[in-house]
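Structure, as structure tokens:
Per-chain residue numbering starts at 1, and chain names A, B, C and D are given in the order in which the chains are listed.
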Amino acid sequence: MANSKYEYVKEFEVDDKLPLYNWIVVRIDGCHFKRFTTDHGFDKPNDECGLNLMNSCAAAMFDRFADIVIAYGFSDEYSFIWKESTEFHERRKSKILSLSVSFFTGVYIRNWEKFFPKNDLKDTPCFDARVICYPKARIIKHYLEYKQTDCHVNNQYNTCFWVLVKSGKTVGEAQKFLMGTHKKEKNDLLFIQHAINYKELPAIFRKGSFVYRKRVEETVKLDSNGRPILRSRNKVVVGHDDLNDQFWKNHSYILLKKKI
Amino acid sequence: MANSKYEYVKEFEVDDKLPLYNWIVVRIDGCHFKRFTTDHGFDKPNDECGLNLMNSCAAAMFDRFADIVIAYGFSDEYSFIWKESTEFHERRKSKILSLSVSFFTGVYIRNWEKFFPKNDLKDTPCFDARVICYPKARIIKHYLEYKQTDCHVNNQYNTCFWVLVKSGKTVGEAQKFLMGTHKKEKNDLLFIQHAINYKELPAIFRKGSFVYRKRVEETVKLDSNGRPILRSRNKVVVGHDDLNDQFWKNHSYILLKKKI
Amino acid sequence: MANSKYEYVKEFEVDDKLPLYNWIVVRIDGCHFKRFTTDHGFDKPNDECGLNLMNSCAAAMFDRFADIVIAYGFSDEYSFIWKESTEFHERRKSKILSLSVSFFTGVYIRNWEKFFPKNDLKDTPCFDARVICYPKARIIKHYLEYKQTDCHVNNQYNTCFWVLVKSGKTVGEAQKFLMGTHKKEKNDLLFIQHAINYKELPAIFRKGSFVYRKRVEETVKLDSNGRPILRSRNKVVVGHDDLNDQFWKNHSYILLKKKI
Amino acid sequence: MANSKYEYVKEFEVDDKLPLYNWIVVRIDGCHFKRFTTDHGFDKPNDECGLNLMNSCAAAMFDRFADIVIAYGFSDEYSFIWKESTEFHERRKSKILSLSVSFFTGVYIRNWEKFFPKNDLKDTPCFDARVICYPKARIIKHYLEYKQTDCHVNNQYNTCFWVLVKSGKTVGEAQKFLMGTHKKEKNDLLFIQHAINYKELPAIFRKGSFVYRKRVEETVKLDSNGRPILRSRNKVVVGHDDLNDQFWKNHSYILLKKKI
């Protein structure tokens, strides 16, 4: 065969299978999104259309990749948890990583117009991604809690920061003002000086967004007696839940372990 | 700090720096493109608009990533060679892989309309990608030659296959007919039975496409005496060259080694 | 500093930390031990002194490496299980691998004379080793059961093989005779033709050897009333247990999980 | 087959082939050798018997592993360079690492008595090891130069340090005295105050030891006319060369590249 002489170049490809019996996290991050969101006139600190666009991409991921069990996102990042036992592309890291980020990017651009009908894309939004393996379901819970805390801490800071900037402070003054303040002080700043009750801000800002599958019963049609014929199916839902024991009790099927 | 309790989840992230003094190949492949191209009515075996769209994405990669030195593509795949000494994101594999495939996908979708103005995207095109390291410039040359031979062998087969199918054979009959035929027999089939001179088919089909930077002189403006003021700059060009010694002699700057 | 010019060579060293919250198996295997044992006149299929020498090395490993929790060996191989949470040399694979196999080899040679006082070492015994990570305690149990079954299957075959060879068959004849026989046929061969009751062979041959720590009470001295003063301590013991639920019930402390 | 139920545990073993067309360095280091050498009464800063023992181990490595092309050692460490094209155990890292360090340790212990006939081993000497890949022969040269400079810098410091300690200073005083001194000051200290000409110290101390194969002609026997019948063979030699261009010119066969 004509091609055999240089066939040895294929031997440099390495096997990058992810370890078995590990949950796989694919985390996608907007690249230079500070500039991108500014250039496209996003509301600061949170742009609801922008977040909903991200959520629409996350939901599309569930339709495309059957082995994603839960996803969590806030700001310009989204983490997708793949089930412990996935055999998608034989668990090859490059495949999982590249297909995830490629599809997410594609949907983001294709859905853009739906969420920003009057706001043309000025350049190509771009995401980086990484893969992390976690050997226990419990650590996945901790990962998600960690991210939700991250969302909270960032959001509280950013809310204060933008209140200060919008009320006339420079960026530098606002940063200096906030340096070392505690949660209560930040809340007071918002409430007393700006009449903003932090707890009444939209949950999507404060808690981020979860996407997962939910078993739902749907009426398919009515039978001859006019009684509904039901069918249950998995529906992809977006929520802004508090990630606590109750959540996991209600959704215990999400992190179901592989039987050994 | 509120977030410290679960901070340990970050320790699971692994360092994935690619080895130093290696050329890095990022190869991007269309995912399920057989179906995608059929659904979108691409000419078979080659759709010139489709190939030009791919080339436009490859050229955009050069503008975005300064350390790509040459790229080669045919059909639905494209290989990007990053220079041996790149320090892009500290050579982290996940970053290089994900940003490459994300950006490529994004440009593909955004440029689609330009190349297929009457042909709406029906679903989200998606690419996978992999990273391969090569320790010598010479092996990169072999890699590219290997790919160009691959292009040739595939294209010759596909040209014959589609000639047979378009002239009334079933897919199975065409495959059976071609099984085990040699280059000459394939050329004869095309030439004698279908009056196609393989060598006169467009070079973009037979040889694939190279993208690289070329030093060019441009007239910026005329001086007061009407003489041109020249400026030299690197221009990204697309070619369908034969990859041989002459090519490398003419473009020796492309695979310039890092000085040690 | 004089050495800085070539200091870049250090950057080629890669971080090889093993993933967190995984049990680590280091498996050590004799290299060319078929020849080594023949050259040194070992009894076949099992040499009790040889196995005891291996066990003495395994026990020494427990004194040297505090994070080994259980080990299992048969023939010329030994598997050492390191606890899930070990931070020995920051879990660096090269360190764990090299120190394990270096120390094991060293003890094997230094203990040789004790087990083979009349049998000088003719050449340098040598071991290879590998590291495998397991994300759950349950899989470690399966690993050990797998190895014990391996021991059993091999030992039964080898016992039959050597009975045949010692009774006059050639190696080829013995292999042919045994090909495809089942457990019962092998037992019959031993019992009916050679009056060997397989189940009465020493447990060390049939079941291999476990090494682990056991909490024991020891009399330190007597008090003034002649009553023993006890002290409890961990003692490294060698056993030939059946690896079953009862074993793990009795030794539940061995695979104690790291608290999260 | 009886063993199939838990056979899945084998799937956790990962492919760890080292990248092709790379030179492989295996560096072996004494573990806790400061204590080991003190316990065994080694001369400080250098014990000639101890170094010769290390060299004897290195030479034995060349007999055992045909693909080692050059080795360099000083103090309690030794680096072995494996040729770029080695296919030893399919370049599997664990095999190369473990067999190297196991064999080295074994020879160290077995040769001990030859070099320290009156000095019994009090405990088991133990080595760690690591593997580093280098993609160019030139970087291997730099690696070796780096190591030789390391030897020099360390040896000069240690020579001064032990001169001070042996002449009555405490460890702390000696360290303080030497802090920040330059090469010339150290030489002066040795020469003026202690009449030691650093350059006249044995080369094995100042330059470390190289081991490599040398083509030599040997007289096999005399022919009927009394003339020698010569045979050329590769002989493993130990030298204390200066690693410079001349060395590489004289031994250009050592780092011969793999033909592509």
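Here, contacts are C-beta pairs under 8 Å (C-beta built on N, C-alpha and C of every residue); 3 or more make two chains touch, one makes a residue touch a chain.
Predicted, not measured: the structure shown is a model, and the values here were computed from it.
Repeated interface, listed pairs A-B, B-D or B-C, reference A-D: B-C, with more than half of the contact pairs matching by residue number. The greatest centre-to-centre gap from chain D, using C-alpha centroids, is found for A.
By count of C-beta pairs in contact, C-D exceeds the other of the chain pairs C-D and A-C. A straight line joining the Cα centres of chain C and chain D is 31 Å long. Rounded to whole angstrom units, the spacing between the C-alpha centres of chain B and chain C is 52. Work out the mean CA point of chain A and of chain C, and you get 47 Å between them. The set of chain D residues touching two or more other chains comprises 8, 12, 14, 19-20, 133, 139, 142.
Considering their complex, residues 2-3, 6-10, 12-14, 28, 31, 60, 94-95, 97-99, 101-107, 109-110, 121, 124-134, 139, 142-143, 145-146, 149-150, 152-153, 183 of chain D touch chain C.
Across the interface of their complex, chain B is touched by residues 8, 11-12, 14-15, 17, 19-20 of chain C.
On the side of chain D, the complex with chain B involves touching residues 19-22, 133, 135-136, 138-139, 142, 260.
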